[in-house]
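Read from first to last, the chains carry the letters A, B, C and D; within each, the first residue is number 1.
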Amino acid sequence: MAGWLEQNALLLGLALLDGLAYAALVFMVAVGLNMVFGVLRIINIAHGSLFAIGGYAAASLGLFLAARGLPDWTGYVALVLAAALVGGILGPVIERGVLRRIYGHEQVLQLLVTFALFMILEDAQKLIWGVQPVSNDAPLRLLGTVDVPFGEDVIPFTAYQLFVLPGVALATLVGLAWFLRRTLTGRVIVAVTTDREAATAMGIDARRVFLLTFTFGAGLAALGGALASPTTTLVPGLGAATIVLSFAVVATAGLGQIEGAAISALLIGIGRSAAVYLAPEFEVVVPYLIMVAVLLVRPQGLFGVVETRRV
Amino acid sequence: MRRGAEISLALLGVAGVLAAAWAAPWLRFVLTIALAKGIAVLGILLLLRAGQVSFGHALYLSSGAYVVAFLAPSLPEALLLLPLAALIAGLIGLVAGLFLARYRDIFFGMLNLAISMVFYSLLEKLYELTRGTDGIRVEPPRVAGLALTLEAYVWAMLLVALVLAVGFGMLVRAYLASPMGQALAGIKTRETRLEFMGVSARRVLLAAYVLSALMGGVAGAIVGMTTRHVTPLLAYWTTSGELVFIAILGGAGGALGPFLGAVTYELVRVYAAAAFAEAWQAILGVVLLLVILFAPGGLWGMLLGLLGRRPGRAP
Amino acid sequence: MSTQTQLSRRGALAVAAGAVSGSLLWPGSGSAQAQKPAELKVGITTFLSGPASVFGVPARHTAEMLFEEINRAGGIGGVPVRALFVDEAPGTDHLVGEFRRLVQNEGVHVMFASISSGSCLACTPLSDELRKTTILWDCGTQRIFEEGRHPYAFRTQGYATPEVLAPLLYLLKTRPDFRTLAVINQDYAWGRDSWEIWKTAMDALKPGVRVVAELFPRLGAPDYSTEVTRLLAARPDVIYSTHWGGDLVTLVRQAAERRLFDRSTFVLPVAEASLQILGRTMPAGHIIGTRGDHWNNHPRPRDPARLSRFVESYRRRQNEYPIYPCHHMYQAISAMQAAYEKAIAAKGGGWPNDQELAAAFRGLEFATPTSTITLREDGQGLEDQIVGVSSFTDRFPFAVPKDMIIFPAAMVSTPVGQKSVDWLKTLKPDLLAQVPAPIAG
Amino acid sequence: MSEALLQARGLHLAFGGVKAADGIDLDVLRGEFLAIIGPNGAGKTTFLNMATGYLRPQAGTIAYEGESILGLAPRAIVRRGIGRSFQLPQLFTEHTVLENVALAVAAREGVWSPLRPLLRPAWREEATEVLARFGLATLAGARADALNEGARKLTDIAMAVALKPRLLLMDEPTSGVAAAEKMAIVETLARVLRETGVTAVFVEHDMDVVERFADRVAVWSQGRIAALGPPGTVLADPAVQREVIGIEGPGAAAAGLPGGIAAGHA
């Protein structure tokens, strides 16, 4: 065992680095989903489509700017701008146009409405961007690689994945925590998350909070997609694959919990990377196994609060 | 809805299916698949009655289909494969249900999803066993000992599906009206009261869950024997979504809803795919959206509305 | 509010109109086809959604373009051609239902089945049952004709075994010194099968190669960082990958950025379809294939004018170069044309029924822009394979092969009646002596 | 009559810093009607919750028929014969009143029958009978979520009664019931319970009801029993009057609540 560990410690160190970058992306998608659920009590199946559309928009905008001969660094501006545009447009359109009509309906209807949106957005995305893979790796190339020592060898990692992704995720986490705890709007959101009835009874305009949160959540999904676009390739079906993973993260985290989303994204990200080295056969099921294991011990998720009923 | 009216509607449906199948050969296949999915959706309906949404019933559909795929070579008899698929899917449902019945709402939905996705991954991973995405071909088994011509086999599968659809429809109808079914509805509104009446809500849900898994298995077996080729896509989460879609489209009111929904779903998909091959998914999405926003009672509710009745609760 | 009611009413109307008109429901044309039909209907199953639509949609565009050309030239045997498309993505139950609808209700004369091997395996029994000539126009699984006889099914291009064996022979011929190898394939049937074929053949032709990593990430994985890291650390001489589509683009970009291409030689048998998108990101000097011989820079096409006419008209319409599924579609359509001509001639000008059409396909020889393909007695087409090394020229803004070797189809295909894996085990290293020399430039 | 049916000894339970039960010793005697009074937050409901297994005391024991029921789930305790009604009615809101009660009958008779209907003749009859006793017959077909507070309360109790418990714990059975109807209903309830020999514990704010129906009264104060004895003695105690009755005068709780069961009795 000790010998094995010695032999593989270096490799596991590498897995940790990869896991971190992956976890950062997973976190970005899941945290938006989790916030939306916390406030609206709706699991948004179309969240993965927003991720994909954010990615497509970022890649297109980046390529567009590059074609205009703008400097390379504008590629990063494109990432954020595209996310803001997607969130700012689709968020309110979906919330006002569709979701608002079904608040208070049965849970299954709310879930299915977002399933319908998912189906529509998947095809809409295909109509806009076609089916050929779309990618723009300028933001990835610009920062180059960093050589990480590995025994006598070195392993090049991209600076983007090593620093930018975890950095942005961390900044998002800290920023969100600050926003939710220190700003008035944030505290209103928290109040609605913890006790909607009490919050509305206190005169909080829930509709405004819902709109704000959904738009913000959509923006985070789009930002996740935008941040993924330099490393991944955008193809039809990306949204469907993304959303199931986010579900696992959110259920593991405990609903409405942002710190929980961070921890479970880390667990799942690193677990997956480690699996690639240790048990590649299990790589795909790692997120689900982690989720089932966590929920067996803590049925309300890592950070979820048990709701007690008064009788 | 009066019992008599419902029976006449069911008979009308059976006659309609047979007439359509007689007139248009390709519909035999599509209707068989629709009836099979309707049977699976009956299971979704049971769980919906408890206020629980399973986003993972593709697990049972696909396990039924794979039971057929694995056993058909050594046991080529449809009438044996069907109960075996039911049994095995029911057993999987029992094991999963013992764990899942502890959870409610979104956790219930997501855990179902997780378990079905693990199963889906296994179907793809265990390539030696399942041939991965290539899937397993199913030779047409005998039906009641008879080796049928392919034409007769297609008819036989339709009739088997029809008989099972009617049978399970009646079973679910009785179940929903029974104390177990009514207690199921109690889980949705006041689970704690059930406990304070000495009834284990978990067991009430578990029983319904196992029944839903069993029906999923039967449906999968029919799908497997009808398509005669089984692939892991049947276990993907979008298939589960499709089942819930059909449940809502049909309307969660009565046992006829799932079949109404399934037939409509398959036909809309065919028409949409024929008219806009690249955007059938969006069209289905729009249909779903319209149903939810403007006819939340589903087709069944619309039908009752036409007949001048309010979409009622349990039949 | 009023717009919503309007919308729902309009939706309801559309559904009602569809149901009433019922053009889809009731058979339009009978199944007896002895007379010349008003139009020749071709049912085409292809991916129109999901990740594999990167292949399916260009193929659809090709079919539409070529059908227009055929109809402008007077159709096939004087009959205009019409295509009916079906999406493979929703799953086997939908596909099989649509296959039946097209045959039994639309009365299509020929079916073109499927990109996915699973779909092909599901559709071929239907061709038997419905006695409908079915061209397997793109799928590659060796199982179709090795595990059963299908009198109405024909594959108008190569398949997995030659498509994997040719790149292996190329590697062995041009860089015989490698000692270690890693594989990274998509985790599904093609990824697994193409590894089994490669491994079996490699063990027969060059025993003792050490496999240092076997990675099977899931289909559609968005990120290969961990896999790339592992491959960087393992430093294999050769990395073999049959990735395709968006997955291949992601893999190549992530590997290129982290200089994995500097450490190992890549063998990418399905690279061609992704090279346009990769552009200059695809490093030079690695082995690339195209599932056939239809490179845009084919060194000596049989009919250069026809090839460039096809490439140029496709480019005009789609603003991109055709990729291999476009060529496969072209081959399938060429085969159909040739078979109809043959059948009509055999019948002295009469229109063939299903049996006569199928009979015409057996042993059919038809011309493609690049070469000639023969359909063997089991229905499998014999298509040459061209493998080369990625390089850049002034002509194309993306990588194309150089030092190409043309592998004659018969050399790399499993003989009729044998199973690929069994046959591959019998290969001897002296097979390499028969491999033609690379065509310089 | 003097044997204890339910025996609580040294029950302790604190929520954070609040002591809801701070050493409760109480015997509920076979066949008696025991009223629990006391100010809000004194721990009255907490006692019922502990006795029915919904909450677990941090210390102490509870025995029923001489056997400990500590740690049993509510379900198991109900099956031993302890029924319960609730301050906030716990109804199946999407069922009719008749179905609610029939479900209780089914729970008692055996719920595990998947094929025969809930409203089979025997159970329908029994449920109808129970409803009639509570004056709810005309509401049998109404959905539970359409009822007013008083009717919901009665349905809730009817469900508990339909379980045929030997010990019935009722949490403020008359709150929300219109003052005019109250006595008649309690009268009926008491008669039903006496006839069937059910022992009853009820948390009550209406001192008229307590005085008229309770055999004994326990006064709760800050998680302790401040006084215990016959109503005449206990309610006359000046300390009790100051602590309990002074703050919540007779009928105050009920009078403050809207509505009644008018719909069923008009």
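Here is the rule we go by: a contact is a pair of C-beta atoms (placed from the backbone, for glycine too) under 8 Å apart; a residue touches a chain by one contact, two chains touch by 3 or more.
What you see is a predicted model; the values in this text were computed from it and never measured.
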| item | value |
| --- | --- |
| Farthest chain (mean CA position) relative to chain C | D |
| Chain whose Cα centroid lies nearest the overall Cα centroid | B |
| Between chain D and chain C, distance of the C-alpha-averaged centres to the nearest whole Å | 75 |
| For chain A paired with chain C, centre-to-centre distance based on mean C-alpha positions, whole Å | 35 |
| Separation of chain A from chain B, taking each centre as the mean of its C-alpha atoms, in whole Å | 32 |
| Chain B, residues touching no fewer than two other chains | 121, 124-125, 192, 196, 278, 281, 286, 293 |
| Residues within chain A bordering two or more other chains | 122-123, 126, 284, 311 |
| Where chain C touches two or more other chains at once, by residue number | 49, 57, 187, 218 |
| Chain A partner contacts - residues on chain B that touch it in the complex | 48, 51, 53, 55, 99, 102-103, 105-107, 109-111, 113-115, 117-118, 121-122, 124-125, 192, 196, 237-238, 241, 244-245, 247-248, 278-279, 281-282, 284-286, 288-289, 292-293, 296 |
| Complex contacts: residues of chain C adjacent to chain B | 4, 7-8, 11, 15, 18-19, 24-27, 48-49, 57, 84-87, 90-94, 96-98, 100-101, 103-105, 116-118, 121-122, 125, 129, 141, 143, 187-190, 192-193, 218-219 |
| Residue ranges of chain C touching chain A (in the complex, touch as defined) | 49-51, 53-54, 56-58, 187, 214-218, 220, 222-223, 225-227, 229-230, 232-233, 235, 245-247, 249-250, 253-254, 257-259, 274, 277, 281, 320 |
| Chain C-facing residues of chain B, complex | 20, 23-27, 29-30, 33, 121, 124-125, 127, 131-135, 137, 150, 223, 226-231, 233-234, 239, 266-271, 273-275, 277-278, 280-281, 286-287, 290, 293-294 |
| Contacting residues of chain A [partner chain C, same complex] | 11, 14-15, 17-19, 21-22, 25, 122-123, 126, 130-135, 137, 140-141, 145, 150, 153, 155-158, 161, 228, 231-238, 241-242, 272-273, 276-277, 280, 283-284 |
